[in-house]
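Alright, structures below, take your time with them.
Two complexes follow with chain A in common, the first pairing it with chain B and the second with chain C.
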Partner chain A sequence: MSYRAPVEGYKGKIVEVVIGKGDRAVKIGGENILAFNQTFDEGEFPNPPKIAFEVWDMEPQGWAPWVLEPYKDVVSDPAAWAKRCEELGADFVYLYLISADPNEKDTPPEQAAELVRRVYEAINIPLIVYTTGNEGKDPAVLTKVAEVLGGENLLLGPVIKEDFEPIANAAKEHGHCVVSQAPVDINLQKELDVKLARILPREKIVLDPLASALGYGIEYCFSVAERTKHVGVMFEDAMMQMPIIANFGAEVWKNKEPKEREELGIAWEEVTAISYFLAGANILVMRHPEVFNVIREMIS
Partner chain B sequence: MAVKGTDLVKLLPKKTKCKECGFPTCFAFAMKLATGGTEISACPHLSDEVREQIEELLAPPIRPVAIGTGDKALVIGDEEVMYRHEKTFFHQPGIGVLVTDTDDEKEIERKVKSVEEMKFIWIGHALKADLVVLKSASGDKGKFLSLVKKAADMTDGAPLVLMADDIDTLLAGLEACGKERKPLLYAVTEENIDEAISKLGQAEVPLAVKADGLEKITALTEKLKEAGLQDLVVDAGSRTLWEAVRDQIFVRRAALKQGYKPLGHPTITFPCFMADDSRKELAIASALLTRYAGIIVLSDLKEDYLFPLVVLRMNIYTDPRVPMAVEAKIYEINEPTNVSPVLLTTNFALTYFSVANEIEATKVPTYLAIQDTEGLSVLTSWSAGKFNGETAGEFIKKSGIEQKTKNRRIVIPGLLARIRGELEDELPEWEVVIGPRDAAGISSFLPELVGRS
Partner chain C sequence: MVLIGENLHIISQKVSDAVTQKDKKTLQQMATEQAEAGMDYIDLNVGPARKDPEVMGWLAEVVQEVLDVPLALDSTNPLAVEAGLKAAKWPPLINSASGKQESKERMLPLAAKYDCEVILSVLTDQGIPSDAETRAESIMDTAAYANDLGIENERMWIDPILLPVSVAQQGVVACLEFTQMLPDLLPGVKSTIGLSNISNGVPEELRGILNRTYLVMLQRYGMHSAIVDAFDAELRDLVRGNLPGVVDVIHKVMDGEDVDLAFLPPKERDYAKTTKVLVGKILYSHTWLET
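Our next item is the complex of A and B:
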């Protein structure tokens, strides 16, 4: 029996989602094969995974000095911080509106949206805006952001089953994409996607099945992300064919080991990043520029 | 591609109800055989040829290979799925360090020692590398042999890999470390295969097969198998990340999906030859770890890179069918005293980690009471009746926490606010406080709780 290369091809295809507009539009998704398999399987992977750097809307507390170092002089100015991320080569800025959380500064929606506008104007790459997942506050903040940045096609999230409706409606009205977030559960993910898809076309939705760090539950999140992708690509489930965002920077750097030593921290985030890359994530949200350099070289 | 009972029954003699195998019919026997419930030897009516054919069908699609002996042996191969969510991965890849006979003495000693001594304690397990990979690079046979001797003497049974281009050097290396160490010999190639068959035929050690590409590999493994050499590990020779991952995927697919026996073997990979710095080497090693490598050879063992790699190995090879649990007990976080508060939750590892991390970040001295819920999460264990006022009350009473702290305030997960009343009935001396619904809420909740007390 002679050897036949076991090449595979599938019938499902990930939806191509565009984030940003005009010169700063970036495409994600569009593949009909699995990550890393584009050199041999039958199909295409038109848009390699993209990398987003994290920016906070208030000075971060508890970050390891080495992950703060590249941004040290700009952490109190989110617009300057975002600019720095762009200079470092990020494809997206991921702006985390932590101050709007009632447990933090409870910043009013107008103020939060104004900050988003300032950050957006400071950069030339597309913007992802995340709130903290507070169902009481998030809708007010994200609908305001949607309105103030109307037509700019931001990626807004997370929307969860408790608050998807107002945010998705605002995204529809003002021309943005949203992130559908479910708690590491493929069935809940699909349920929410189905509801969202009644409001927005699939081309405006990105999935966030949550991404925990190496050593802190990565095996669950890795497999849920991998399965989600398989269900879309191999089993043609239209509701699981949106691109995936893996937001693990904060998850990695809150742990003890990455805070112990810089090189260990870099290695920890790097291994986490590669895992989600293999699982099929289309956007990786990370923190350390050195990790970015390694991953970027690998992806290209 | 597991063999089906219906395929096996076609090969059986179908003697009408002889029942000599202990089953009422050939069909019943075949069905049991396919699931491993009986042995083919139970049927006395088979020709040798048919028996061999059935044995081959029943053999695992990826042949297991043991390197080393006794409880130090590394067993790789024998995997059943492409993706861990389909079932689980079974045999963790061996991680090895490359030591060459051109390294200086100190370097040799340091590297060899690190295989057994560099350990990381992680949720109660000691994680470490496995293999010492000894390479002849000087071309001086004497130098290689003294390296092998030295490594064999210095280690306490760590499995070895011997690497040399010619069979005689490998044979001499085998003598030097002792056959009983059962090292992996690397490698049989197109150039030396005939010599390998004649000289290693009786060696009873596993062999690595190296060629340029999988097609050439299959020619070698088939030839070795005909000569009775079956404990094989393959190296398709790729030395770039993308090609190496492709080869791993092809080997696994060929074995599992095509049932293609010539590639039904575990693999050996060499991140040490694929990168010029440690971070890149780690990136390659972790990709190969997730994508099926049987052995991963590193250029060196350094704590900052080995630690995340062995944690990844444990995570990826964790059985997804079994909830991951931590030990049920009272955990002391931030050096609690006899007035510190108590937080209660389940022993689902993910819950434990997120809660413990959040508590640690607040710097508030706290006792974290982790109840045995068989690894189920908060709501799941509640609905399964494993986490309610009664079970929690019993756990707290038996846990000894009442002797550790005078504080009689116990915080329960916000998701289980409903068990407050039941728990107060069980623990009349305690005030039951409803905590945040999510671990992230602890950062503001806990400082407030102690500020208040």
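Our next item is the complex of A and C:
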């Protein structure tokens, strides 16, 4: 009888979440091991991490020229910009409705939702829609988006403890997923997840524990993301078993140095991306196409 | 278990006002209520009392006018503690000294000079130790220093420093481990803990069950005393052995026994869920009783 080394696996499993529908449905999560920990056959990582590219609903101010370069002819048209992201190979478009914020242009919900529809129709990949985290405005915008894009299974966020109810209810009614966002606090994250899970099944929830950039508190965000996976996979905490989105592109590129030197910015975003990748993030939201290529290679 | 009543605390507006207005009656009443609730010591927390360290002496006299209960003199200011020591009729407890250099130099010698007992925390100039082992290392150093001053182990009440479960769940587990280790580390010492800190930041109506569950757990591991909310009657019942059913459930969960929550009465079920959080089996959130 030949010897077989004992294999120690974990009992917890990350929930598999589907975003989009039909041909453009993309699965994330589903792993029962930690990221990059598949040395033997302890478990599976059936859906490798996915990459989202950022599109703004208004012309961005203060972006480094090299980040804007691939889109410079389309930045005033979010639909064309989104199309470009798809051509560059993004798995998702991450549409940031920054103009809807009362501190920006206070775009009315109807207009914001109409734009989301236009972007959605221009692409063939699934769509993530983020507002700015303004508890006064977000519910009106995201519930309208949910209604106008009813049944399309977008990923809508962020929902925070102050506004989760109306948004989650709209997502339930119109068939979308939501992002549960807590401020780098694993205990508050769980509390919000528990409350959300009373409205939506776990298969409709993605976690955003926030992701700061290298040099700006990445240690905290890394630890919280990593521990979330530990608690979910190793300790079987059902409320921490949803996939994680790491949204760090803006955090990297808002800093002075990446705006001054392209190669430094690329390295910066790469290290940040790889860190969250190692922490177990299932979706990475990033900006520079070169970083995207490196990370894509790592994933495959 | 020796219980130290925490309710005469300068952070309380009522206490703060009464102290400022030299309102003896209110303070005496608050102390008396705690004694009547069965507290073995009354803690007098005057904060740092930088402007008026003598306030501790005054407060000790005020309480002793109406009560024959030993006092815990609670301040980080050695001058305030010494004022209390001079005024105390019964051998008091210093609350507290630590491994911080300043405390070793100025607070600990008071315990030697006045031949009294002293709470010794694991705090050092490096901060609060993160796990049970570093707590052990830190307290060994500080206790050795205290021994050199002539303070024998029997006069030390070791405080592992409890942090809120809502921000430092691992620390809660570490304090349990440390409590188990303590008799081997420093034979003869007593121990104590600032219990209510475990539920700081937790919604008010949920604080009690965390405090109570944790105290039962600590009691099982030989914790000698705790600084507690004197008016939590259920807490007193639990540690005095009047609620054996609840204690039994807590112990079973601590032992990792398969407790079927569905078959427990609601109260025992809540205690079982709370124990699971406090042994570190379940990640803390404010919703822990609801899932």
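Keep in mind that, in the parts below, the second predicted complex is superposed on the first by the 290 of 300 C-alpha atoms of A that agree within 3 Å, B and C clash if a C-alpha of one lies under 4 Å from a C-alpha of the other, contacts with A are read in each partner's own complex, and residues count from 1 in each chain.
In this section, a residue touches a chain if its C-beta (ideal position, glycine included) is under 8 Å from a C-beta of that chain, and two chains touch if they have at least 3 such contacts.
Values in this document were obtained by computation on a predicted structure and should not be read as measured data.
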item	value
Superposition on chain A - do chain B and chain C clash or fit	fit
First, second, both or neither for A:I295, with chain B first and chain C second	first
Which of chain B and chain C A:Y216 touches, first, second, both or neither	first
Contacts of A:M240 with chain B and chain C, given as first, second, both or neither	second
Which of chain B and chain C A:F36 touches, first, second, both or neither	first
Touched partner set for A:K190, first chain B, second chain C, both or neither	second
First (chain B), second (chain C), both or neither touched by A:C177	neither
First (chain B), second (chain C), both or neither touched by A:V231	second
Partner chain in contact with A:R261 - chain B first, chain C second, else both or neither	first
Most chain A residues touched (candidates chain B, chain C)	B
Chain B and chain C, minimum CA distance [Å, superposed model]	5
Residue numbers on chain A that touch chain B, as the complex places them	1-6, 8, 36-37, 39-40, 62, 103, 132, 212, 214-220, 222-223, 226-227, 230, 254-257, 261, 263-264, 266-268, 270-271, 274-275, 278, 290, 294-295, 297-298
Sites on chain A touched by chain C in the complex	186-191, 194-195, 231, 235, 237, 239-240
Contact footprint of chain A on chain C as seen in their complex	166-167, 169, 281-287, 290-291
Chain B - residues contacting chain A, complex	83-85, 122, 214-215, 218, 241-243, 245-246, 249-250, 253-254, 257-258, 260-263, 279-280, 282-283, 286-287, 290-291, 303-305, 307-309, 311-312, 315-316, 318, 320, 324, 349-350, 353-354, 357, 360-361, 440-441, 443-444
